[in-house]
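Let me give you the structure first, and then I'll get to my questions.
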């Protein structure tokens, strides 16, 4: 509790978590009235489980989500590619780099040593070195459960009192999930968000088949299904799901 | 005011406070329409004092709160247990550990020296070394007063104008209480939140009977009762409490 | 822009600003429906200028504000007094203190050298060493203008669309004022908030008659009056002020 | 992801981003009901493209925006000018300055070496040294697209569900744009915000014709136009634009 045992820089943790969480709120306000605001395959799966969305519609949504995340990762690469431009031409006689670009260079070196791929691996999710894949799986499942539980209660339940503030509650669920999960997994809880950077990193020559990368495509779907079933059998009144 | 005299890392303080505060808002939106959103025995006590909840119902709620907090602490242990896996096998010849796990190892060593318990003591509350238990008691009472006062005014008072934003006000009361109290006590203001990690730490072999641990099971209840009585005799109109 | 030229620790700046800003929102939700939520003499003055509050009522409000701030500063002293307990008994043979209490001890030494007063001077406002009192005056005036302008537009103007979110807008105005003003003056913009710690510091033996301390009792009232007159002659429709 | 590769101090990044984002929310609540809350020429352009505002009105708005930003930059200079007062009289025999003012002095030296101009260049936007102007252009375009897209969906679209929370969504769009763009360009996404400090810096003797400064007067307008056309042809129903 006193910062000494920190395994992650708290300032970066806060900045990244706020960025992810508030972006979800902004996008939910921005496209919620157009499409329902589905940008996460795990959330869409919970709607399919509850029969709030058909199998076909759900799969098409997921296709769009994975495609959009991949497009976004490409655009991010375009925005950031110049960060590694000076990685080779500024080495001193010992081969060392100035401090301000040393980090981005070492984290962006291609697996085959032939140069530099997408900077910072485009923020791809990975299980932290000292975290077991079992723990990673559990915590990704819990984070997704929190998100999907919140979505269903504030935006679907017929007694929800959130009204026009529902996207804030959903964004904050994502924000706190990131504060907790980032030191462990970078915080996936959205298979499309994990997928986009991984694909573009692969194209860019990075080594993406890291330990535990499968966690991000399984745990969120399971956490989401558990949240949907919990909602259906414990919290929701019969007519809820039918009417939604 | 200039950061030099800091007794706590400000970045960690902000990250932890945001996590606690916004989680309260999210949970209030998530279960407020199901159960009233009671997740704090001190808050529930204030409802009992004001006869907004019966003794029996209140005690059952508290039972669920303590049980839920304990379950949550167990899950957190499962999510984090792997952090101490390398505490013994990476020591160098002098017995020193790499910096990135030194903190978690030293803060997670069992009292009897037989290994490692729950990492970071699962964030259990404790009175900071240089803070007197008297000050700790006073500040925990004040923090709980702020929380319960806010809950009663925004979610019970019949002239409240908070409407569907009430959970944001309540979550922010918790957030600012954490910003102020964390350097002194880690911020309890919720006996269930203090209880869960303490029980699981005990099971995990940690030494939990630290100086002043009784503060977290007394001060919040007293602060809550004072807030309820203040509300009843100063702020609330007669019919308020009757009708609620 | 790159942090190198920082004259204030950004992490502490954020933590303190969030604490002040969100507390204003919480208190506005907590007592707005009781008293109008007046906790700042500068804001109350603007209501007097616009004849939304009588001279007598306004002065009584101010009396309560200064008294409440003083009481609060006393309670804060009680909560924090133990921080300086070890300032004398832990000095090493060279008279040096351990790092974790060095800051609080040096910042809490009494003016007459007879011991320690309120820790961290209870966060009293003061003009930063390298800032002129003229700049301090201007920036305190601007910060208060922003606050009072926001209060009048969101909570008084009859075309305001803020509704039940008005206290959030007001709290955020306070939050951003703190982010900007803290490195210069600690951010007053509320003469009662400046007064309470100064009085208790005086009682505690601290030297409070620091350079420019008069700024905190003049600039906010002037900024507030300018905001009220701007509101009256530029933004508000005639019937507004009459009806409010 | 672990802070090691950081090219920007995360604490300063968060503080600056919160300041910009929440200020936009506060101002939108403060003047939205007076003028529509237009303080960004790029946003105003999107209203002109959608014929929600006439060419004449739009150009007058822009004139006011550039003038207001310039006035604001002058006031900021007045508030901060004293920061460089001691830049020359505190040098030691080697010409070095105390650490706490070294940053502001070096960043505020006039181009002609004749003294000091506006401190910290008043936060003028500039493309970071290791970022290509092409990347800067793309990222400024994306950031403005996010902002204008959000404005149109939450405050113009006739099915928007944001209601009285729309200014929060807009402010958070600005906040997250700053979190992402600051390390690259300081985050413009508003030509008036870029213009004011640049003009006052010029008057103050700073060198403002830095590499890529034209990006801030082109990319936002293009991003805004793309957002407006996307809105018109993809998201909006015919009667929307007509009626607004």
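Of note:
For reference, chains read A, B, C and D in written order, and residue numbers begin at 1 within each chain.
As a working rule, a contact is a pair of C-beta atoms (placed from the backbone, for glycine too) under 8 Å apart; a residue touches a chain by one contact, two chains touch by 3 or more.
None of these values were measured; they are calculated from a predicted model.
Seen as a C-alpha superposition, chain B sits on chain C after a turn of 90°, to the nearest 5.
Annotation: the chain A:chain D pair of sequence copies touches via predominantly different residues, less than half of the used numbers being shared. If you average the CA atoms of chain A and of chain D, the two centres end up 28 Å from each other.
Between the Cα centres of chain B and chain D there is a gap of 39 Å.
Looking at chain D, one finds that residues 9-11, 14, 18, 164-165, 168 touch two or more other chains.
Taken in their complex, chain D has these residues touching chain C: 8-9, 11-12, 14-16, 18-19, 22-23, 25-26, 29-34, 75, 78-83, 85-86, 100-104, 106-107, 120, 123, 126, 164-165, 167-168, 171, 182, 186.
Touching chain A in their complex are the following residues of chain D: 1-7, 9-11, 13-14, 17-18, 130-132, 134-135, 138-139, 142, 146, 149-150, 153-154, 157, 159-166, 168-169, 172-173, 175-176, 179-180, 184, 235.
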